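Common to both upcoming complexes is chain A, partnered first by chain B, then by chain C.
Right after this comes the complex of A and B.
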């Protein structure tokens, strides 16, 4: 496993697991339009995961499906932030916004990569992520506009902050903190990041559900 | 707020009413319209308009039943053809072979 495939798998796992988590709102989001929008965002994330897995698979002599579904949960590199099951709207928006903000910084760095495949894919992803960010920012602004919203979002952000820091490596963390502080108009708690490599219990549960079809059908089944 | 969404399927085609989205403001309406009517590449452009900005006209009084104003009552095709022949404008009629 090269440093390159390590990086690709980390981002792919983030996008796959977050896409899965976001899709848990399908059918039960606060209202119909949001249901469609958030489900569509979830599908986009999973589409990004597939493209990233394909790039890694080409190097590893594997396939995107094998990488997405045939590894044990402890081998996933997804940041703990996306593993958490937080089926509560303020927390969902807090995570969505924290992740998209972190992802923007990560993609900006990757777009400058000397690896043309990675730089190209990052640019392509970023064009879609721009709408995710717009969606997340609008929601945060909307929650910040009322007292109840500000309180609930603030609580959720504080809870998720060490996880949000864990999405990025230490070179990009200060910029994430600066952006979050600017948006919220206050400093974020000074905490240790909960970094990649940690596996939350919720991940194993999600993995079981996510791979159930794959495991129930013989490998190589065509859909 | 309810926003009415119109979509254009291909460049040059007329926009047609696609449906509506409920959104707290124009920015949310844009996101929701994009996701509902554009995410499958089914549209090349969308128009968004707050429902309140549309003026609906739904009364068309016809007290004297002036049927002769309607085109569905009788066929004028043969009579039109005759008239065109008389006037020598047959080749200018819609659908006529142009040379």
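Right after this comes the complex of A and C.
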């Protein structure tokens, strides 16, 4: 597998799995507007995954659906940050913000790529992600505005920080740390990143649910 | 056999007569699947039309990558081209070639009349939250006293705002 395909699959898997995690709030968010927001963000992320899988599929002679659903969980390249199931609001906001901040850095690098397909897709994704970032920042500001919010967000960020570092490669990690520090007004813990390649138990559980309909149908079924 | 050949030859002649103008006109009759008051041409998502040897090639861009209307648009375009007697070749472009700035003036007016606030112009720098908190006009009463209720709405391309003057919530096209 080429380095290009490997990169496309890593980002596609991040977006697909995070899209699923975001969709877990559909119907049970703290209030209706957040139900709408997280459902919409989920739809965007899964749309990004589809476009990225299509690029990879063209090289592999496969399809977006086969790549999204027909691989065993251990072959997914998703960062452990998005694999975690954290159905708790402070952790959800912390992950959302950390992921979107990391994703902005990653997309900025890809927009400069010499590969026109990748650069073009990254630019289009970034237009949409700008709204996710605004949403995440709005929530971080809201939580930072009260003592309880600041405390709970702080705990969640510290817990997720090694995972957030694991979304990016070495070169982009310092910038993520600088941005997180600027927003929170304090340094982040000095920890080892929990990087891509680690598979959390939660991923296998999600995979079972995510692929259940497809696996229930005979091979080659048309939808 | 001869008859079939003749039929094929006649068909080829008929197809050769489709012009790009006719294709644009026919595509202009296809409503957006989610906001049927405007056509896909008004929306600016059709980027290029080329006619050659009885095949009509169309490049188009989804508004948002996760737009569920993508397949509906593609099928509608294929059916329209087939009705014109040509073979459709629809290519989806996943690049940054579409912006809400590409919505036609007519399309913007149709949106406004249907109660959707048209998108504001794309700024040179990425949109910032502070810009969304002011400067948006209510499509019902024209007031500028409107506020952002939710960055997200019923489809990825819309936000929800509220007008303090006529006290109506309304849908604002996101600027992309």
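Simple rule for what comes next: the second predicted complex is superposed on the first by the 223 of 223 C-alpha atoms of A that agree within 3 Å, B and C clash if a C-alpha of one lies under 4 Å from a C-alpha of the other, contacts with A are read in each partner's own complex, and residues count from 1 in each chain.
Simple rule for what comes next: a contact is a pair of C-beta atoms (placed from the backbone, for glycine too) under 8 Å apart; a residue touches a chain by one contact, two chains touch by 3 or more.
The model shown is predicted, which means the values in this text are computed figures rather than measured ones.
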| item | value |
| --- | --- |
| Overlay on chain A: chain C relative to chain B, clash or fit | clash |
| Touching partner for A:130 - first (chain B), second (chain C), both, neither | second |
| Touching partner for A:40 - first (chain B), second (chain C), both, neither | both |
| First, second, both or neither for A:31, with chain B first and chain C second | first |
| Chain C versus chain B, contacts on chain A by residue | C |
| Chain B versus chain C as contact partner of A:50, first or second or both or neither | second |
| Partner chain in contact with A:121 - chain B first, chain C second, else both or neither | second |
| Which of chain B and chain C A:138 touches, first, second, both or neither | both |
| Chain B versus chain C as contact partner of A:86, first or second or both or neither | neither |
| Overlap of the chain B and chain C footprints on chain A, listed as residue numbers | 33, 36-37, 40-41, 131, 134-135, 138 |
| Interfacial residue positions of chain A with respect to chain C in the complex | 33, 36-37, 39-41, 43-48, 50-51, 54-55, 116-117, 120-121, 123-128, 130-131, 134-135, 137-138 |
| Residue ranges of chain A in contact with chain B within the complex | 31-34, 36-37, 40-41, 131, 134-135, 138, 142 |
| Complex interface listing, chain B residues touching chain A | 21-24, 27-28, 31-32, 34-36, 39 |
| Chain A-touching residues of chain C, taken from the complex the two chains share | 62, 64-68, 93-98, 126-129, 132, 149-156, 160, 174, 176 |
